[in-house]
Amino acid sequence: MTLLATPLHQVLALACAWLVLGALGLLRQDSVRWTTRILYPAGAIVGLALAIVALSAIFDPAAALVLPLGLPDLPFHARLDALSAFFLLLLGAVAAGVSVYAGGYFRQAQGTAPGLVCLYFHVFLASMALVMVADDAYFFMVAWETMALSSFFLVTCDHDQAEIRRAGYLYLLIAHIGAIAILLCFGALQAGAGDYTFENMRALQPTAAWATAAFLLALVGFGAKAGIVPLHVWLPEAHPAAPSPVSALLSAVMLKTAIYGLLRVTLDLIGSPLWWWGVVALVLGLVSALGGIVFAAVQTDMKRLLAYSSIENVGLIFAGFGLTLIFHGFGKGALAALALTATLYHCLNHAFYKSLLFLCTGSVLHATRERSLGRLGGLIRRMPWVAWCALIGTIAIAGLPPSNGFVSEWLLLQAFLFTPGLPQGYLNMLVPVAAAAVALTAALSGYVMVKFFGVVFLGQHREARLAEAHEAGIWERAGLAWLAAACIFLGLVPATVIGLLDPITRTLTGHGIGNFARGWLFLAPINAERASYSPILVFAVAALLVAAAWLGVRAFYHGRARRAAAWDCGFPDQNARMQDSAEGFGQPVRHVFEPFFRLEQHAPAPDDARPRFSESAEDRLWYWIYLPVARAVERLTALVTLLQRGRISVYLAYSFATLLALLLFAR
Amino acid sequence: MISLSGVAAQFTELALAVLLAPLLTGWVNQCRAWLQNRSAPPLLQPYRVLNKLFQKEVVLAYGASPLFRVAPYLIFGCLCAAAAIVPTLGTDLPLNAAADAIALVGLLALARMFIALAGMDVGTAFGTLGARREMLVGFLAEPALLMVLFTASLISNSTSLATIAATLAHKEFVIHPSLAFAGVAFTMVSLAENARIPVDNPATHLELTMIHEAMVLEYSGRHLAMIEWAASLKLFVYSCIGLVLFFPFGIASGGDWLGLVLALPALLGKLALGGALLALIEMLSAKMRIFRAPEFLGTAFLLAVLAMLVHVLLER
Amino acid sequence: MPAELLLLLASPLAGGLVLALMGHRRRAAEVNAAFSTFTFAAAAALVARVVSEGPFEALYRQLFVDPLNVFLVALTAFVGMTTAMFSRPYMRIEREHGRVTDGGMRLYHSMYQMFSFTMLLVLTTNNLGVMWVAMEAATLTTVLLVALYRTHASLEAAWKYFILCGVGIAQALLGTILVYFAAEKILGAGVGALLWTELDTVKGRLEPAVMSIAFVFLLVGYGTKVGMVPLHNWLPDAHAEGPTPVSAVLSGLLLNVALYALIRFKVITDGALERPFASGLMMGFGLLSVAVAALFLSRQRDIKRMFAYSSIEHMGLITFAFGLGGPVASFAGLLHMTMHSLTKSAIFFAVGHATQKAGTQLMADIRGLIRLSPTVGWGLTLGTVAILGLPPFGVFASEFLILTQAIAHAPWAAPILLVSLGISFAAIFGKVQPMVFGEPSVARLRHRPALLPVFAHLLLVLMFGLYMPPYLAGWYRQAALLIG
Amino acid sequence: MLQHHGPQLVNLLASVMLLLAFAMLSQRRIISLINLFAAQGFTLFLSTALVAWLTGQDHLYASALLTLALKVIALPWILHRLIRRLNVKWDVETLINIPTTMLIGIVLVILAFNLALPISLLAGTVTKATLGIALACVLLSFLMMITRSKAVPQVIGFLAMENGLFFAATGAVYGMPMVIEFGIALDVLVGMLILGIFFFRIRERFDSLDTRHLERLKEL
């Protein structure tokens, strides 16, 4: 079958398979069995196949293809090179896990018919796959906005609640503004010469001014989709509104399509980036990282907490991307390769552990019908499997040693350590501050994740009915296990994974760091003396010591234990309300980072019969950027309505004036 | 290239760390008592406490989950691994290639996370209070520690602790002003991390002021012993890091047995001196309100970043 | 005179006369649909003929068919047919609700057919004078339809429509006279001087000064009918107050026909004057229309008024595209014209049923359409998504081409266009989303809505977005070359 | 004599047309407004007939007769009947007072003249000078429509504009081809009938013909 000969054909065939699955969902819209038992698992298999095809395609040279679809003089061009293969691998692997989980999760009825949700779900996956292989502006834009549209319908699944509709509207609006910027960017790249295929854009050498315009537009366009600070307000609204498997896909894979787009435009289409672009991306990344994590610390809704943490991780990815541009701008290819590897590795890790955590919140949401942290707690006893997977996710996202999060953070910090060698004076000064910000963000993410895991899974049940929370179903556990295993695998064998990233860095920056790694055991990007890290050895030593301690104590002393009421320094009546609430655990960060927030406190009056204390920390950007813009447009429209006040003589006067003006001036 | 002396050095260092840690704590308590001119508890008192606790039967709260029972061993394991990484006697340790400075900070952070989670597990008021404060101190101290280690790695342009120790100890002696800043920052961070006086009082019984003790209130028997032992091990690790970065003289370079033998007394002497110095610092300062701790650690963080800037400016 | 052309014009005329007699009968709607279907069949045959044999003239050179106007004839006939099918159940419901009397039904059906006759005449005539008369007749036929409901608002809308368009058309007559005056100097007196084919051949030698003044009058004249901004005031009232099939046909077809007339004159004027005087004016007015109409959208509370402003915005975009000139921009303009007609008429069909269910056109009182009746809800959602230019649909394809041409040839215009499209997206989607999602707030109508036309149109638009059949593309390209 | 003084006579009739346009602009009473419109129609008939006689264009005779039938007899008759049926006896209300309207009118006439100048130089017809006056009549009637608040004066302004257009046609090109003349005449007649229907509907709805009632459709 020549149709499935090359990997590119296979990728397109798999994308069509997803579309067909989505269409099949429409056949029997209301039957939950048909969608969850057959379609979602089939989608998972397609995802797995996509991952395998992408894995094999990473090492092949780029393959291009022209499809019969599209505009008459601009048909769809498709291309599969190392960069797209990597992101397809990421999409396939995560989609496999999430689809399996969705098979179990969508057993419970959502707002819309299960068949429709299945349709949106698979169209969303297929459009993301097509975004990665698109090789001309039209195909890219069609795939890009189909992704935005299908994810909008997913976000507004149960559209009965008003705030879900508002979240959906905000999401699609900012996605559309981003798409407009991307369209302008392609226009700038094409600069009036030749057609709109990426091939032509690569051949064109744009002038510095056009290239800068294209880069800044791409930054705005893809930054809007990635959730970078000024344009991030949709992310904490849209992710919690969507059902959990969809939030996982949104956070894990859709944000990465924005990173893919940015890499494609900057390193591939423009080709020769200027160094100060990197500084812009670095600063934006760090501001988003710090802002994101600080806001994550004060959230009281678990899915909003994870959404803000996504902003933080995207910020770190942008910082890595900024470093790549700085090194590439100064012609240090090897260091650019290191920074790019750190960026791509962090994309991979974030995709896995964020989707794992979102799926855990999904299971918690299903078991308790409760999303706010103030009404959860003690679920580790009722849902051990979900709790331990969440613990793996928590360690990974906090960037602690045996996990994959630590490896990408390690690479990023290594990349930071090389910057003092740059010729630019100020840059050497800026980068230690940047390294400090990255370190602070990593530490803060530890704080946030302890809060997330501790408040949700540990302690006592804050609500009575949590006692009968049931464990997640088989399908859901399979999805969680797949993603947790991926996190552990990526954490323990980074050298082989970097071998995978090598062809990408070689195509984009001309250098690779794959060959310095001394065998699969040790990860030593530049040279062994400089820095090397072997996760397996560290994990083995630590495990050995723990086992030794455990056995030693059992051997020399004894293992007896008995149960009694909690000690708590002698206080007798211990109840669940005495634990820390989510606001409580976030209070130190609110105190330390006070200027970040716009705090509104409601303290009860002294004679209040039922005193209620509430405090809300809002994002200042709403009041600095979004509401002023909305008011400005409002005033402008009010101005325009003066044109249509209803008097016919005034309308005739307009026509008369236009006629005279044209007669007088238009000669 | 794993040499026999390296392996020997590695095992002796690990054994030394695990066994001498309570001794160091005992020595510090003795120095404190003398400085407060009251009669000091015997030097080996911590060993007796540990032995007593190991005998005792463990009492678990009804709500305690398996995490609560596993946490002490995990914490102890992580800190032992951290101790194994820090070169106290020789520099060519087999584990050098396995982990570097960033991994060390990671391991300490992992230990901190587990103790905080254990604190929150039973769901008492003080447990979560302690966990919240521990993480507050943690998220300010960890970046400062990382910056201190970065300053050293910029000087020796490598992040592996052995290379840092080698360049600082065996290269010709150079005054590094950045290390001075880093030194001050490091002391402030280690005071905060080890729950010493200015941030937290190890000997206090007033739960509301505790940070470290509040989390381990629910532990008893062998679990409490492991936690106590881990705490003293943490103090030991921090002092070894301080020695490697600021007083690396006497650490044996690769392969010579004689150097190893001589390094032991040097290490003990330096540790004794360090312990006394720690006790002195504790006597001179009073415990701060918990919301003064962020400013204290903020200055430490600032000093560490300043150290890096000074390095980039002056020593480039 | 070839049979197809004869049938094409005779069928609506005959339909108009027959329905004038039996328009109020029970079977009148079916007869109306039958006549429209027959007209569409004739149009299809005409298209086949032109595509195979090329342009030809007929009826002593008074009628003329070339790739440009045959594509618009086909579009007009197709949308006329689907609107007739849609108006069958719609008008029956209106009659049951007592909003339309028997006399009104008779007037409606006969005027509907006469209206399609006048439009087809404007498209196929070669004589610019006859084109003016047919355009004026189109206004006359629709003004009574707009006032069909005899409410206060519809009366006011009809009066404004008549006066403003009457005055506009009068300017166009003066423009036509001046063109005839310039042509007479070269082609000699008599009917020949008013034939477009003649003028097209000799446009190089026409007097520039006269032609520029003539184009100004024509731009103000036919521009009023296209709804360009300073002259647009009648459009929102007329499209919102008439019955929905009339709004669909007005928004979908009449605007295109007016713009077609303007393009015919632009081709001649640009030929006569060296500098792109006509193109520049059209670009300016187009841009102004897009920007101002976008700002109007967020103030609307009546759904049909909002989509009327959206029509102004899209017609502005098409005028801008033709103003840009060049084969690709003209191709994009023609494509956008087709897409806009199909999508806007589909939206009006869905809106028609939605307003009938809710009994009101105020968007605040219509909620939860998808939950209440999926076909109407999904029709409106997909229609709105299509008209807003979201990719899988064809409107994005033409907007993509227009915007990329704008970036290439008039970079200063691209940001204005994009910002206006962004504002209109925010406004329209912000108002339609609560209507479609959420808890239903309207009563359920007894009989099922006939929404086959809506999904037929949207399917066509989706097809154009993804795959353009080659012969269709070739046809559009021929038409684009004519515009130059 | 008629042959020799032909062009002056045509210019005389053109100036009478302009005078009548100004008179209509300043007229207060509705009845005399209709009579003035009829007079303007008659002047147009005379001018067309004269030009037909002077240049021997026999199709112009038909056009002149058409003008006579439509604009001098039919339309004024319909308007008078409507006025009687609607028993409308009041005077014409204007939005801006008469003197300012006249001032604007004069400015428009000057503008029309130097606009039409380049065209009339090219015109080969004997009546090329009248093109400026025709354009002025069109603009004046446009102004009349803008400044009148009652429905009937607005319609009369619209019909006066048609007169101006026909006058421009004869002036520039000796009239449009016959088929188009008939088309335009038919349109104007049907337009007048429809306007009649509207008068009755507006009257029964608002019991007044003032367009200020027609202002509900607006943006807030």
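Per-chain numbering from 1; labels A, B, C and D assigned in written order.
Operating definition for what follows: a contact is a pair of C-beta atoms (placed from the backbone, for glycine too) under 8 Å apart; a residue touches a chain by one contact, two chains touch by 3 or more.
Every value quoted in this text rests on a predicted model; they were computed, and no experiment measured them.
Chain pairs A-B and A-C differ in how many C-beta pairs are in contact, and the one with more is A-B. When chain centres are set by their Cα atoms, the one at the greatest distance from chain A is D.
Taking each chain's centre as the average of its CA atoms, chain A and chain B sit 36 Å apart.
The geometric centre of chain B is 79 Å away from that of chain C, both derived from CA atoms. For the pair chain A and chain C, the distance between C-alpha centroids works out to 44 Å.
Here the spacing of chain B and chain D, counted between their Cα centres, is 102 Å.
Residues of chain B found to touch two or more other chains are absent. Shared interface positions of chain C, i.e. residues touching 2 or more other chains, are given as 159-160, 163, 167, 213, 236, 296, 299.
The set of chain A residues that touch two or more partner chains comprises 641, 643-644, 648, 652, 659, 663.
Two chains count as a pair here when they touch; such pairs are A-B, A-C, A-D, C-D.
Across the complex, chain A is touched by residues 95, 111, 115, 142-143, 145-149, 154, 211-212, 214-220 of chain D. Residues of chain D that touch chain C in their complex: 115, 118-119, 122-124, 135, 138, 142, 145, 151, 154, 158, 161-162, 165, 168-169, 172-174, 176-177, 179-180, 183-184, 186-187, 190-191, 194-195, 197-198, 201-202, 205, 211, 214-217, 219-220. Note for the complex: chain A touches chain C at residues 68-73, 137-138, 141-146, 148-149, 156, 159-160, 162, 165, 168-169, 172-173, 176-177, 180, 183-184, 186-188, 190, 192, 196, 633-634, 636-641, 643-644, 648, 651-652, 654-655, 657-659, 662-663, 666-667.
Chain A meets chain B in the complex at residues 377-378, 380-381, 384, 387, 391, 394-395, 398-402, 406, 409-410, 413-414, 417, 420, 428-429, 432-433, 435-436, 439-440, 442-444, 446-447, 449-451, 453-455, 458-460, 518, 522, 524, 528-534, 537-538, 541-543, 545-546, 549-550, 553, 556-558, 560-569, 571, 574, 576, 578-580, 584-585, 587-589, 591-592.
Against chain D, the residues of chain A that register as touching in their complex are 641, 643-649, 652-653, 656, 659-660, 663-664.
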